[in-house]
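Shared between the two complexes below is chain A, which pairs with chain B and chain C, respectively.
Coming up: the complex of A and B.
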């Protein structure tokens, strides 16, 4: 009786058994990778805003302090999105007839909100507080990246819990002198290791156990 | 492959697709709770906002206490004790809110003024040297000319800190050498030029 299968099918059958097992592994890895991909985290993705607002121009070229607009960043969980009046502080005079500022003028005339698109979005079960971070010396650019170089703001980091925890386990490398918190181009110096420890002690940073406790961020 | 394992394979592939790509479209009740975060949209109110616009004459809770810091325009009173801490706070706030137009030295040459905003008057002119504290406080609060009021951004205490710092800026260009503390006067004599002592550097 002739062989039904050719000899080469031996390899195919062995390969199938092998790949059947490994396929599961790859599939799991693929899911894990996908969850960390920019598609899910929205990292590095810019989005069109209702007004052509450029942080690069206002922060980078004009040198306006973050807190000129985000006034409540030092005192509350929410940094504050400026009311249209803050735009008009300058734009009642500067570029007052520019077409692309019409949505701003319209908002000021009518009292309707400008519907800015939120870029940095955390899950609702995360109770992030801006004030505690800036007041303990974590600078804006540590999390938000070089906003002064972003014509359209994008999320510079993943904002995954893993990313938060990395810093909460070991905040010292990121602690800045207090006058450098709002400086965009701060980089740790060679003595950051000692400085960070000193800052952590001076500013009464919580212990690692407390900083990584669930209820620090989740309630 | 048997039928059962083929079914398993298809089911798993489908599950993987949903997990990997479709999470955003699945129900995520914990991540998207039916609550309002600051400035989040809301379909409850007609205008789509969850933050409600203030009614006219609304008095914020706790803001009555700030009345104690109000000084009328024609009064030169200063309602807070002036110390190093207050002036430093004023310097900090001045840099954030005032320096874009008024400049770091208070001479009206801020970066925004350079870009075409009206040059504000220098703090070092006689009119503003003689202006009362209440007047300066009033201008920060309610604005003046092209300048809009800053009452929403700067709380009253900080406005007074800024007034204190503006006074320090004015003094930096209008002090008599004889009024300096001895060690500073000595420094002035050593440098030989009066310029170094009056520069408005902060």
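Coming up: the complex of A and C.
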């Protein structure tokens, strides 16, 4: 009887057994990696805004406090996008004829809001409240990064649930003195471990079990 | 009376009765079994049977497609009965698979020669039953495309599955079971696939069987490794006979629902699984030996032995029913006691009575030698037991859930058309796979039958 398979089949069959395992391994790794990539999370991706607004200039150079524009951050879930009137407080005087501010003036004349593009988008099924984070001493830059160094704002973190829950499991390293919450360049000091514990106690932080309960964020 | 069946008044079939008909040689065994796959033309009966079961499979596909379109609301489930037919069918199917593992692993380790002619298709049946069972947990989740959440993988959510939940144990138990059964089955097939390769009539068959045979040449070294691998796999599969249905029973026993929260569940689920598994093996073996004239290989001794296993496991199950009842009364727990009133007098009482009839009363007929040797009645009995075991799962899942602790949480369950379409569809799918299996793979292990020929002729020479 003639041979059905050529001698090379021996090699091919062994090779395919190994490559099968490796291909599946790589395919799974690729999917896991893709789920964490900026393509999926939009981390580090800047987007054009309708007005050439620079946080770097306003926060970094001019030193305007976050709350000057995001007025409701301490009292509500949503930090607030400033109305055009807030811009015009200064820009009716400063750079009042600059071309690139024409969309702002137009908005002011017509009463049409400027359509800012939202950068930090959470899933619809997530309940997130800015005020509780700020009032317990989590600073802006912990989540939003160094906004004072961003000409165009981008998402500094992944906003994956993994990232949220890492902090909910152990918030102490991120707790700041209350007067440092809006400071962009705050860094934990050498005694952060004790300070964090103390802040957590003073501010009645919920237990980890409560902070990581499903319904804390998925209501 | 079918051909090859000894008359009722023949000498008692005993341990010494050969498990192979007389006058067989290596060649006759190989010819007979491989001809079903290689040379026999497709018979009219096979085609009709395949067409019907294919129709049922199509119905299952439609039922599942409609489910994915509309959601689980098309089923009869609601609160409080959130586990309807899907879980009933899952437990039923996964139980049916157990006979295959028992026959192939435990009977192998116990050196029971009569397993050789039934182990191949019993293992195939296990795989098909696990395939049918696997459908249900997937589709009963509201969002089946998220079913991968059940597996522990490094998720971007920073969470792992709830390892304290028996539902996640189920995922491991069933997927291990499926994998080990598949490997065991395939390893056992390798020498037979090589036989088919060598006897193949067309180039395409040569290549396909040749690839599946993985270069088997039948050298002594091959046989040596094959036998150690087979023995190791048998050892590996043995705990699965007990573990899988134990874990499935934990889905219920861990919960505090009246009628579920009992320690007797694991052993009695395992016994029930083997009970229904052997019933299913008989339901397949009897038509199969008739259709392909395999009475010399699947002899009356096999049918008799399987009937005895059914009888034994059936008694264990009956014991389970009795002690479930007794413990509920003895415990003095008013919810458990009330649940048993519901079994006997509630809206689903007829299911319970039918269950007792199918699983406890009718199988007592198997004590009789005449019944065990009457093939048509044995076949009917196997169907009755299959129905009875399905009813058992229905009684456990549905009745307990309809009567929770608070009367305000009580409810009723009524299966819809789609529930039945899915159940009947999986039965059709299962039988369709059996039809395909019989045509493309040797339904009886040629290798082990040859070993049997050798041993029988040696015994005769002595």
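Everything below uses one rule, namely that the second predicted complex is superposed on the first by the 210 of 219 C-alpha atoms of A that agree within 3 Å, B and C clash if a C-alpha of one lies under 4 Å from a C-alpha of the other, contacts with A are read in each partner's own complex, and residues count from 1 in each chain.
In the analysis below, a residue touches a chain if its C-beta (ideal position, glycine included) is under 8 Å from a C-beta of that chain, and two chains touch if they have at least 3 such contacts.
If you're wondering where the values come from, they're calculated on a predicted model, not measured in any experiment.
Judged by the touch definition given at the top, the superposed model places A:64 against chain B, while chain C stays out of reach. Once the two structures are superposed, chain B and chain C can be ranked by residues of chain A touched, with B on top. In the superposition on chain A, A:45 contacts neither chain B nor chain C. In the overlay built on the shared chain, the residue A:123 is in contact with chain B alone; chain C does not reach it. Applying the stated contact rule after C-alpha superposition, one finds that A:111 touches chain B and leaves chain C untouched. Of the two partner chains placed by the overlay, only chain C lies in contact with A:13; chain B stays clear of it.
Once the two complexes are laid over each other on the shared chain, residue contacts for A:35 go to chain B and to chain C alike.
Applying the stated contact rule after C-alpha superposition, one finds that A:160 touches chain C and leaves chain B untouched. In the superposition on chain A, A:4 contacts chain C only, with no contact to chain B.
Touched by chain B in one complex and by chain C in the other are residues 35 of chain A.
The residues of chain A lying in touch with chain B in their complex are 16, 20, 24, 27, 30-31, 34-35, 39-40, 62-65, 67-68, 71, 78, 81, 83, 85-86, 88-90, 92-94, 111-113, 115, 123-125. The part of chain A that touches chain C in the complex is made up of residues 1, 4-5, 9-10, 13, 28, 32, 35-36, 158, 160-166.
On the side of chain B, the complex with chain A involves touching residues 1, 5, 12-13, 16, 19-21, 23-24, 28, 30-33, 35, 37-39, 41, 47-49, 53, 95-97, 100, 111-112, 115-118, 146-148, 152-153.
Every residue of chain C that touches chain A in the complex is listed here, in rising order: 153-159, 197-198, 206-207, 210-211, 214-215.
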